[in-house]
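Worksheet: one structure, shown below.
The chains carry the letters A, B, C, D, E and F, assigned in the order they are written, with residues numbered from 1 in each.
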Amino acid sequence: MKFQFQDVGQMLNMGGHGFYVWSAVIVTLMIIIGLIIRPLIQHRVVLSQIGQDLAREKLRKRVDGENN
Amino acid sequence: MRSHASNGFCAYLRRDLRLSHRRLGEAASPLIFFIMVSTLVPLGITPDPASLALVASGIIWVFALLATMLSANDLFTGDYQDGSLEQLLISPQVLVMPVLGKVTAHWLVTGLPLTIVSPLLGLMLSLPEAGYFPMMASLALGTACLSLLGAVGAALTVSLQKGGMLLALVVMPLYMPVIIFGGATVQYGIDGLAWTGPLAILGAMLAAAIALCPLAIAGVLRLTSIN
Amino acid sequence: MNWTWFYRLGSPLWFYQMTTRWLPWLSLLAFVLLTTGLVWGLGFAPQDAKQGNSFRIIYLHVPASFLALAGYFLMATAGAIGLIWKMKLSYMIMKSAAPIGAALTFLALFTGAVWGKPTWGSYWVWDARITSMLILLFLYFGVLALQYAFHNEESGNKASAVLALVGTVNIPIIYKSVDWWYTLHQPSTIKLTSAPSMHPDMFHPLLVMILGFYCFYVVALCLFTRVEILRRERKTAWVGELAARSSNAVEGAKQ
Amino acid sequence: MGNPSLITIENLRFERDDTTVVNCDHLHLDAGDILQVEGPNGSGKTTLLRLLTTALQPCEGTILYCGKSIIECRLEYLSDILFIGHQSAVKLSLTAEENLAWMAMSQLDSSSVLNALESLGLAGYTDIPCYKLSAGQKRRVALARLLISDARIWYLDEPFTAIDREGVKLLERCMKDHVSSGGAVVVSTHQDLDLKGVRHYPILGESLLRACS
Amino acid sequence: MGNPSLITIENLRFERDDTTVVNCDHLHLDAGDILQVEGPNGSGKTTLLRLLTTALQPCEGTILYCGKSIIECRLEYLSDILFIGHQSAVKLSLTAEENLAWMAMSQLDSSSVLNALESLGLAGYTDIPCYKLSAGQKRRVALARLLISDARIWYLDEPFTAIDREGVKLLERCMKDHVSSGGAVVVSTHQDLDLKGVRHYPILGESLLRACS
Amino acid sequence: MRSHASNGFCAYLRRDLRLSHRRLGEAASPLIFFIMVSTLVPLGITPDPASLALVASGIIWVFALLATMLSANDLFTGDYQDGSLEQLLISPQVLVMPVLGKVTAHWLVTGLPLTIVSPLLGLMLSLPEAGYFPMMASLALGTACLSLLGAVGAALTVSLQKGGMLLALVVMPLYMPVIIFGGATVQYGIDGLAWTGPLAILGAMLAAAIALCPLAIAGVLRLTSIN
């Protein structure tokens, strides 16, 4: 097993097919990263939203308690 | 009120036919759509008969499919909006028969007229003569299939208050096999091959659809109308 | 027969806890496999005699295509389980599988198209496999659209489960019919190259990539499902605790 | 206890978007009852009636019909009820007569259909398409079902919408006749019924009240 | 005579399918008037109101606004009236707030829109899409226009449909406020208004009566 | 309440865009329809790239027309059914501006996206490379024309309540010049001729349509009030 290219330029060029190969690689990486990042962000957003809802409800209960 | 369980089919068939009769303008629109759109094609593509002949069978099938699909969209919306669908769901009968009645009515006012006028379009698009009979046969069977499948999609999207062409998205993949074999039947006829082969497959699809689709539609109507 | 394990499987809490424990390890594995496979495939695998370097797209195209298909069947199965056993978790998995599957299907189409240009000279041909892949994408879109079109979550779940199931029957039919129709009409001008004749030096990195994609798929599915679990179980005590703890952590970090 | 009630509701609860819309601990309906469901807008009257007709499935609790759950004896139950809701299931392009004949599933001869329409004040309007009728006339077409149905339990959701005073009196008489022949009526309306022996079921409408205060 | 009346109707007649539906010899409306149009179903109340809003054109007769024909001073007249009919022009996929802001043609800041909705008891329901509202709540969204409009004449066709008792009282108060500040109200309803100084305009409803007798 | 006469355009544009945004499934449907139907063609006709290239430009134009026309059909029905249209008719403003706002919103959610995705379809139907730019340019102008003309049909349908596509199809003859010059633009581009000629004609048609159609629509909508 050996590295198939002499230098980075040749690897980028891929014998004339560089555009095809690298665009496929870039799109693949973008999709993979997107599919990981998106749920991670959503996870945080949803948790904080639930936290806020809970806090608000607690506050409302406390206010109601004081009123009565 | 029990005895109508058996004649739910006839009752719905008759009512839907009467409704289409009352609103003839609406009922005739798939047909008119079919005819007018097919006349657009020579304008957009080419008026040359030889080139038209090549694409005629496909064009006719594509537009028949579109006409059926677009009209299937309204199969349940009227009933949903005015509360009839809710009454049907809480009526003491199996849902399958009324559903089949409605679909049959739909085919009678769309698929059947389409089949009958299709030779006219064949003429306009210079369809080779050998294609006429296979075209009519395949359209008759195929549009019935399309009505049944379209009704499944319509049931899925009915409670979305006019899901628009969401129906297209849902139903189009299901239509693909039908159009492949429909188009193939006509093409075989034109090429002088045994066109009964693909026609038989269409027939088998129709049989399967008649057996399964009403069940699916009934189930889906119950599932999606719970809001 | 003891069915408790089955119902425990259906418990969102159990799923959440299990994935919290296992996800880091699985992600690591996926990362290692994908990096190795990619470097191996792009840099070290030998060049194809006929196609030259454009052949290296296989290391992206084939795993993506596999998972696009496998993901669809997983989604349909989850939908069926939801319909039959009314299991909430399986609906959540179904809903999560749809966007991932759609993305991977798009990837398969994209890599395929980009591969097609250097090899066939055109980005697109109407071959059976390619056509059915396109229709698979439409089906994924349909499931997604139905899921979000319903105001009522439960209706959306059931409707999209039905569509996914119908599609399962439909995909092989389309594949067969396009194949049949195409080969009869146009004697095959183009065929996808077949794998088994592949040289082991080319095949091993492919294997690594496929494994890596499978691991990645599981990781992504779990992540999506966890979000869905939080969203739908937000009224339960355990999610409340979790939210309280995480907001405390955020405040703590600020101070 | 003797005979079980016609309808018994136990611990019924229905949720929408995680808020409880209907919460009914115990409610029963006997033959001869007229039950008026009352409550402010948005308190859940329509939802309760739709639960009773099986158009919605409860999240918790059961509804019993003559002691059996309505899910079990579904067909039997459904053939004994009649529901008229906000939407009246009247097809605008059919005539009043056609509409009613259809709703009766063509089991009646046309003279009894015509009689029903006439006694609801639609004589002379039976053979024109319903889109030409006024709001109240359309509603009357839907309500004419009451006169031709042989259902035991009537569920009426705001039946008096758009109906004039004469019409309201007529409907009240219908309800009285129905219960005196052993039927039962559940009706939701904001108006007072001019009938004797109406039981009231007030819904508190928590959600709306809380929001207003 | 001094000032002309706000609205004067002379010999108004409207036909449909060759039968006279509205026949109004003389009617006038002054500032401060509440005019209740009454009559059985199908007697032509809705038709009369739609004639007054120029949605229908009369076959004969004229309607004068401050002495000028409403056809001549059309735009001026239309910007002084407000009509709420059977159909409420509420878009179900928009929220109550968006609906009302739109109806006000975005001339109001959002706080006055919210205030209007809240004083009609929709607090807490302003930011959810209207298909999730109950029948009465939807109607309230449409009626909230009364609170933000600066029209002088209100035409209300059965405004109390689906509205609970509190809501009816609220609306009656609105109408009183409106007329005491120099406006006028024409309202068609089958219920009695609990207001002082309401003028009644009974329509005989020939057609229906003839058919019934 | 007087000042909104001037901004009726913006108000309706903004509201209709917001409505489409809320009902994204519905708003995206012309686009989905366009894409899916175009995939039907190779299945129905032939998968052979050379034959497809011949018909590609025509097919794309015909389906763009259909997608626009079908969605324009609903332009006023929603407003009619819920009473908004009546309110518009009795509002103290010239009808032309709101109407133009609605049509613009319609073009933004149908014509524009269609134009943007059309190269993708060109790819799938093997459109020759020289055709891409003429296709996009002609679609951008042409779909705007079609939206305006379609709105006339929609106004007719809604005001005469004759439902269905029947009346909308009355305006079909008006569509013909658009599709003729649209198709010609692309074909000229492919054949290496001066495609700016037919494009200029399309532009002129658009200018005329912008000037006349809103007036026609407003006039036709006023007819609704006679029932």
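Simple rule for what comes next: contacts are C-beta pairs under 8 Å (C-beta built on N, C-alpha and C of every residue); 3 or more make two chains touch, one makes a residue touch a chain.
The model shown is predicted, which means the values in this text are computed figures rather than measured ones.
Engineer: Quickly list, by label, the chains bordering both chain A and chain B.
Structural biologist: Under the touch definition, chain A and chain B have C as mutual neighbours.
Engineer: Drop chain C from the picture, leave everything else in place, and list the groups of chains that still touch each other.
Structural biologist: No chain C: A | B, D, E, F.
Engineer: Of all the other chains, whose mean CA position lies farthest from chain C?
Structural biologist: E
Engineer: In terms of C-beta pairs in contact, which of C-F and B-C ranks higher?
Structural biologist: Result of the comparison of C-F and B-C: B-C.
Engineer: Would you kindly tell me how far, in whole Å, the mean C-alpha position of chain C lies from that of chain A?
Structural biologist: 16
Engineer: Rounded to the nearest whole Å, what is the centre-to-centre distance of chain A and chain D, using the mean of the C-alpha atoms as each centre?
Structural biologist: 53
Engineer: Mind checking the centre-to-centre distance between chain E and chain F? Centres are C-alpha means, answer in whole Å.
Structural biologist: That pair's centroid distance is 37 Å.
Engineer: Let me have the rounded angstrom distance from the C-alpha centre of chain C over to the C-alpha centre of chain D, please.
Structural biologist: 49
Engineer: Give me the residues of chain C that touch two or more other chains.
Structural biologist: Within chain C, residues 135, 138, 141, 145, 149, 151, 178, 181, 185 contact more than one other chain.
Engineer: Could you pull out the residues of chain D that touch at least 2 other chains?
Structural biologist: In chain D, residues 86 touch at least two other chains, as defined above.
Engineer: Tell me, which parts of chain F touch chain E in their complex?
Structural biologist: 1-4, 7, 11, 15, 18-19, 22-23, 78, 81-84, 86-87, 89-93, 225-226
Engineer: For the complex, give me every residue of chain F touching chain B.
Structural biologist: Against chain B, the touching part of chain F is residues 23, 25-26, 29-30, 32-33, 36-37, 40-41, 43-46, 51, 54-55, 57-59, 61-62, 65-66, 70-71, 74, 162-167, 169, 172, 175-176, 179-180, 182-183.
Engineer: Okay, in this complex, where on chain D does chain E touch?
Structural biologist: 16-17, 39-42, 46, 86, 121-125, 132-137, 139-140, 158, 161-168, 190-191, 207-208, 210-212
Engineer: Which stretch or stretches of chain C touch chain A in the complex?
Structural biologist: 34, 38, 42-47, 52-54, 56-57, 60-61, 64, 99-100, 103-104, 106-107, 110-111, 114-115, 117-118, 201, 216, 219-220, 223-224, 226-227, 230-231, 234, 239-240, 242-244, 246-247, 250
Engineer: Going by the contact rule at the top, pick out the chain B residues touching chain C in the complex.
Structural biologist: Chain B reaches chain C through residues 152, 156-157, 159-160, 163, 166, 169-170, 172-174, 176-177, 180-181, 184, 187, 216, 219-220, 223-227.
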